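You will see two complexes here that share chain A, one where it goes with chain B and one where it goes with chain C.
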Partner chain A sequence: MTRFIIQRTAQMVVVLFCISIFTFLIFQVIPNGNPALRLAGQAATPQTIAAIERQWGFDKPIYVQYLDTMQKILTGSVISYSQQINVLDQIKRGLPATISLAGGAAVIWLLFGMALGTLSALRAGRFSDRVLAVLSLVGISMPSFVVATVALYLLAYKVHVFPLSGYVSLAQDPWQWFLHLVLPWFSLSIIYVGFYSRVLRSNMLDTLAEDYVRTATAKGLSRRRVIVGHVLRASLIPLMSLWGLDFAGVIGGGAILVEVVFNLNGVGQYAAESIQTLDVPPILVIVMYGAFLVVVLSAMIDVLYVVLDPRVRLTA
Partner chain B sequence: MTRPARTSRRLAAGAALSALFVAFLAACGGSSNSSNPAASTSTGVNGGTATIDMASAPDSLDPQYGYTVEAGEADWITYTPLLTYAHASGVAGTQVIPGLATALPVVSNGGKTYTLTLRSGLKFSDGTPVTASDFTYAVERMLKLNWGGDSFFTQTIVGASAYLAGTATSISGITTNDSTGKITIRLTAPYGAFDNLLAFPSVAPVPAGTPFTNEPTNPPSGVGAYIIKDVIPNQSFELVRNPLFASFHIPGIPTGHLSTIKVNIITNTTTEAEQVLDNQVDNFDAGDTVPAALLSQIKSQAADRFSLQPVETTYYFFLNQSKAPFNNKLAREAVNIAVNREAFQRLAGGTINPGCYLLAAGLVGHPTKPCPWGTLDSADLSKAKSLIQQAHLVGAPVTVYGEQVSPVEQWVEYYAGVLKDIGFDVTIKFVDGSTYFPTVGSQTADPQTGYSAWAEDFPNPVDFYLLVNANSIQPVGNRNRSYVNDPHIQSELSKLDVVPTSQLQSVASQWSALDYYVASQADELVFGYGTAPEFFSDRIDYSTAVFSPIWFNDWSTWELSK
Partner chain C sequence: MAALLQVTDLEVAFRTHDGPLRAVDGVSFAVDAGQIVAVVGESGSGKSVMAMTLLGLTRGANASFGGTAQFGDVELVGATEDELRAVRGAQIAMIFQNPMTALNPVQRIGRQIVEQIRAHEPVSRAAARARTVELLDRVGIPQAATRVDAFPHELSGGMRQRAMIALALSCQPRLLIADEPTTALDVTIQAQILAEIEELRRETGVGVVFITHDLGIVSQIADQVLVMYGGRVVESAPVDAMFDDPQHPYTWGLLGSAPTAERARRSRLPAIGGSPPSLLRPPAGCHFAPRCPHSFDPCGQTPALRDRLADRPGHLDRCWLEPGQKRRLREVDGQIGLAAAERAG
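For the complex of A and B:
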């Protein structure tokens, strides 16, 4: 286990280093992406632009700018170009909303995905399977912002069942926290539910044809025990891997559109605002933070693999 | 939608997509626009709380850094400068009045020396007495924080440029006397709009010792009707009444009615509009754009609390005269004749007013004569085609630059279509909004023609004439994107630039003649002027609310309805 952790940590450092360089360079090669031009304002003179370049270090070689930025990120002192706000503080401020969104949605899409996938596999070829297949495809095909907008209009604006937008912290008012997140949870989950149910159905159908399943049935185990204890357990292994990566993606700021539509003020919304203003420091930090979560959750899923399937050994 | 600085940076992604899908859901009603009269006598109640939804967060509420419309709305009633604008709707709101100064400046030395006196007994909201040298401190802080309009000051005040460059430790052109309150400012050359510069909240005094860093979460104390507090960047902030301000008895500056003004940053303008329509929130921020899908519904259901107020923003396509084909006046004339300016208005869902002059309709000097190129709702394609043939430009390649954001995208496509119809070989080049203006303002790109817009920094024609002033041409951040270098314009500007703001009316006819000349030279393809939404809930007394042509909604005039 120690060796596994060390190897994974080393991998993480390499991944973060590569991603940080790649992200930083992207914003250097954008034509007229010089932040000094935007910071200087519309009536800026070349003198003002030069002063800003000096002040922010935009006149230094790219590798120096990169090292300066990374040093500020690692020491927690990195500030955004446009608003000059501490980026880490902003991410910390948005994290509760993003975690609430991602956590609730991930539970929903996993549970519903498992339920519908299992049902579909067990009823393969029947009418209900076909109906579920169509529903899954609809779910996969519907972009989350469409679902979010329609749900918001119908259930919040027209019927007033849910609030129109915003986020209330769990500590402040648990009921309002729940009410404010119901629509975002389902809007974000629908696409994943459709996808997960199709993947699980396929896995289960493959597993149902395995020899050991036939053996378990021949031994006289009940169908429920065979399905839950053998088929579902084995079929869930690849799904867990997907779930971990998707969850990390969402919590790392991937639910941009849902956060924007529902105005949750989470990390994704901050990412969207930063991208729109080409504000490199927040984008860099959010990308690295997302990558960090993906690597860490991926390692955790590997550990979970061992629990689900004892034949698997931990190797980096 | 406009230029990248004193304008909203909207989160178009979600909002635009939302608007798209609301379009087929929203019920459409008849349209009847109401217009808000100028502030009348109070019929509302004092105290209470109003909430505002704002789609774009202010860049900063620190007065020496904040430059966007959203920042200005909050800052101008929190940080009163030496001079300020009358709290009135319409043209009356463009009048410069004394703020913290006892009177308008005494101008001497051929327009190069401005002398003002600070009112006595003023205190910042934290109780610290205000001194004349706090003005100097604010100017220095504004320069060191690289406020978006700092070049107005570095180009005018003696020693400001050296101070910014770090070659001087103070601004030699400003001298103050704390015991008498006297402030003397020396200019490098006469500049008639200097009164307007002194009315920016960015030069409003702040306590000496305020850090020379942007303070977005903890803006400094100021002298104004309100105090900014509880700032959560990109999420919310509040304004509460300043209990000290009423005792200063500054004429013409309201002391505020509402106890608290809560501002929520909400990136989805569809939700923002729905909340105000539904009376859940009291105001749709004037810096935001009402989603086109909801406009008719709002006009129908909230006719008594919604209007589109004209603002001094000019929309135009620049025509680069430094290169073919627009170095040929016939080509410029042809495009001015060929477009139907009302088509641009329709493409924007009625949110702009058509026009052909550089000076927007509410500005001194805006010509009253008909456009030199025909009526605003007509286009003469056959005449335009013949001009292009006469100039031997049929088939000439033209690249049109634009942003891919509504309605600019539609405007660019319409304009490109017209250029094609009259004989040019047209290519459209869309550039992302975050780099659009740096791109078209760069000599490297050197575009032939493209979309542009100019929102006033201050209500003086001088500000708009930066667009055709040869001295504005620069390799980066170029404002004169048409590369106009006309001796007649330069000669007129040298005379008009020095006329003090207080005497603008005396030269209105000269400005008008110059603006007509620019239009008839087809230096730009101007097609319209902006509007901003004034949209309230039922809770706000619409009749007393002032809509400032400079800072938009004047929150200090709002009252709750009885």
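For the complex of A and C:
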């Protein structure tokens, strides 16, 4: 276990290093990338620009700039170019909304994916299976911002079932928190529901053909017990790793479009705004934070695998 | 006394993309309590499908069935799922071929046995567990009290098959269906497992349908033998008669291709030429005729399975040849065997 943690930590350092270098370099090579020009404003003299470059260190070699930025990120003192406020504080402000969105959506897409996938597998080849296949393809192919916009128009603007947009904190008003998140949750979930139900369907069909499932039937168990106790359990194991990684992606700021459409002011929306202004520090921090979550959650999934499947041993 | 299991004209067909596949084509036999009936035949002869059909394990949208299988008050072929569920595991238990894959890899073996006991009897978890430990001990698993919590992958193949047998015995079934239970095991383990099944039959009077392609095992434990070919029974006889005076050319081929001590010095085992028939398009008449060196005109018609020996009414076969002719034809190098088929063309 100690070995596993050490190896995974080393792996994480490598991943974060590569990702940060890559992200940092992208913003060096894109056109109009010099942040000093934007910091100086429209009618800036060359002297002002040079002064700003000196002040922010943009005149130094790239590797020095990189090291400076990384040092500031790791000490928590990094500030954004555009608003010049602490990036980590901004992210912390966005986290509750993002966590609420990701947590609720992940539960919804797992439950619905499981229900529809199981139904599909048990009715494989029949009419209901084919209908579900088409529906899940529609779900997978519909961009979340389209779903979000249509849902917003119909259920919030036309019929006032749900509030239009914004985020209300859970501590402030649980009911409003819930109402404000229902549409974002489902808009974000639909694509995953489609995807998960297809994956689970094919896992279950594979498992149904296993010898031990036949044994379970030959034991005189009810169909329901065979399915739930033997088929579903085994088929869910691979789905767990997908789930962990997708959850990490969303909580790491991956739900940009849904956050923007519903104006949730989460981490994803902060990323979107930073990209618009080519504000490198927040982008860098959010990308690294997302990568960090993916690595940590995938390590947690590996540990979970050992619990779920006794044949698996921990190796890095 | 009525037989424990009476199978009459059992038919199983599967709808496939290439047309109907008749996997089991009119099989009849009976099993008495305490009797071991061996079913032998090549791969694809329909033995496993026949066995699984008895427990309703071949049911599906593409399967159709005919005939009957009377087990006590229950007719297994037409039984509802609920009726079958009450029989499965409790009265008819099955041991599968591959103990590596037949147990759920993510559940402890004790739990898998307890699950069956509790599906059929209103006993507490603790009582079921205590009985499981007893069963494991009885089938020869050392340290049963700790092994009960082992996962299948923590046991050897032989131990896993013993666990499978313990599972099969857990509700004291009246009939045991063993589908090649020793094929995946070492010879020494094989012998132990066979001894185990023998002992059970003696102690509990359980009836056994034993599917195998190993004639050595048949001669060792069977009372009655059923030879299957292309979905049909081609010969059915008490075990001694089957080995001493086999009536069907396919049986001669099987006996002739079994390794024996005398034959071990010869370089090559004789094999039956050709391959088993396609069950999608079986040959008209006798299914074995295309591979049979002794086939003649009548073989285009299917011979009935009946007794053709005046002195042995229990010895049935499906072959048009006269018994006297058969005794001459099956002599190959002083032993029972099938002459090499003449090359066509």
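As a convention for this text, the second predicted complex is superposed on the first by the 316 of 316 C-alpha atoms of A that agree within 3 Å, B and C clash if a C-alpha of one lies under 4 Å from a C-alpha of the other, contacts with A are read in each partner's own complex, and residues count from 1 in each chain.
Here, a contact is a pair of C-beta atoms (placed from the backbone, for glycine too) under 8 Å apart; a residue touches a chain by one contact, two chains touch by 3 or more.
None of the values given here were measured: they were computed from a predicted structure.
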Practice task
Answer with clash or fit: chain B and chain C placed together on chain A by superposition.
Solution key: fit
Practice task
Tell me which partner A:Ile256 touches in the superposition: chain B (first), chain C (second), both or neither.
Solution key: first
Problem - Comparing the two partners chain B and chain C, which touches a greater set of residues in chain A - result: B
Practice task
Examine A:Thr217 and indicate which partner it touches, taking first as chain B and second as chain C; both and neither are also allowed.
Solution key: second
Practice task
Write the angle, vertex at the C-alpha centre of chain A, between the C-alpha centres of chain B and chain C, to the nearest 10 degrees.
Solution key: 160
Exercise for the section: Please work out whether A:Asn34 is in contact with chain B alone, chain C alone, both, or neither, and reply first, second, both or neither. Expected result: first
Exercise for the section: Look at A:Thr48 in the shared chain and tell me whether it touches chain B only, chain C only, both, or neither; answer first, second, both or neither. Expected result: first
Fill in the blank from the handout: Min C-alpha distance chain B to chain C after superposition on A, in Å, is 45
Completion exercise
Listed in rising order, the residues of chain A that touch chain B in the complex are 30-34, 37-49, 51-52, 55, 82-85, 90, 93, 145-146, 149-150, 152-154, 157, 164-166, 256-257, 260-263, 265, 269-270, 272-273, 276-278
Exercise for the section: Please give the residue numbers of chain B that touch chain A in the complex, ascending. Expected result: 3-6, 9, 11-15, 17-18, 21-22, 25, 57, 59-60, 65, 67, 146-152, 154-155, 161, 164-165, 213-214, 216-217, 232-235, 264-268, 270-271, 274-275, 278, 280, 433-435, 437-439, 441-442, 444-445, 457, 466, 474-477, 479
Problem - chain C - residues contacting chain A, complex - result: 52, 55, 57, 61, 81, 85-90, 93-94, 96, 98, 101-106, 112, 115-116, 119-120, 151, 153, 167
Handout entry: Contact footprint of chain C on chain A as seen in their complex
Key = 125, 210-212, 214-223, 225, 229-230, 233-234, 237, 308-311
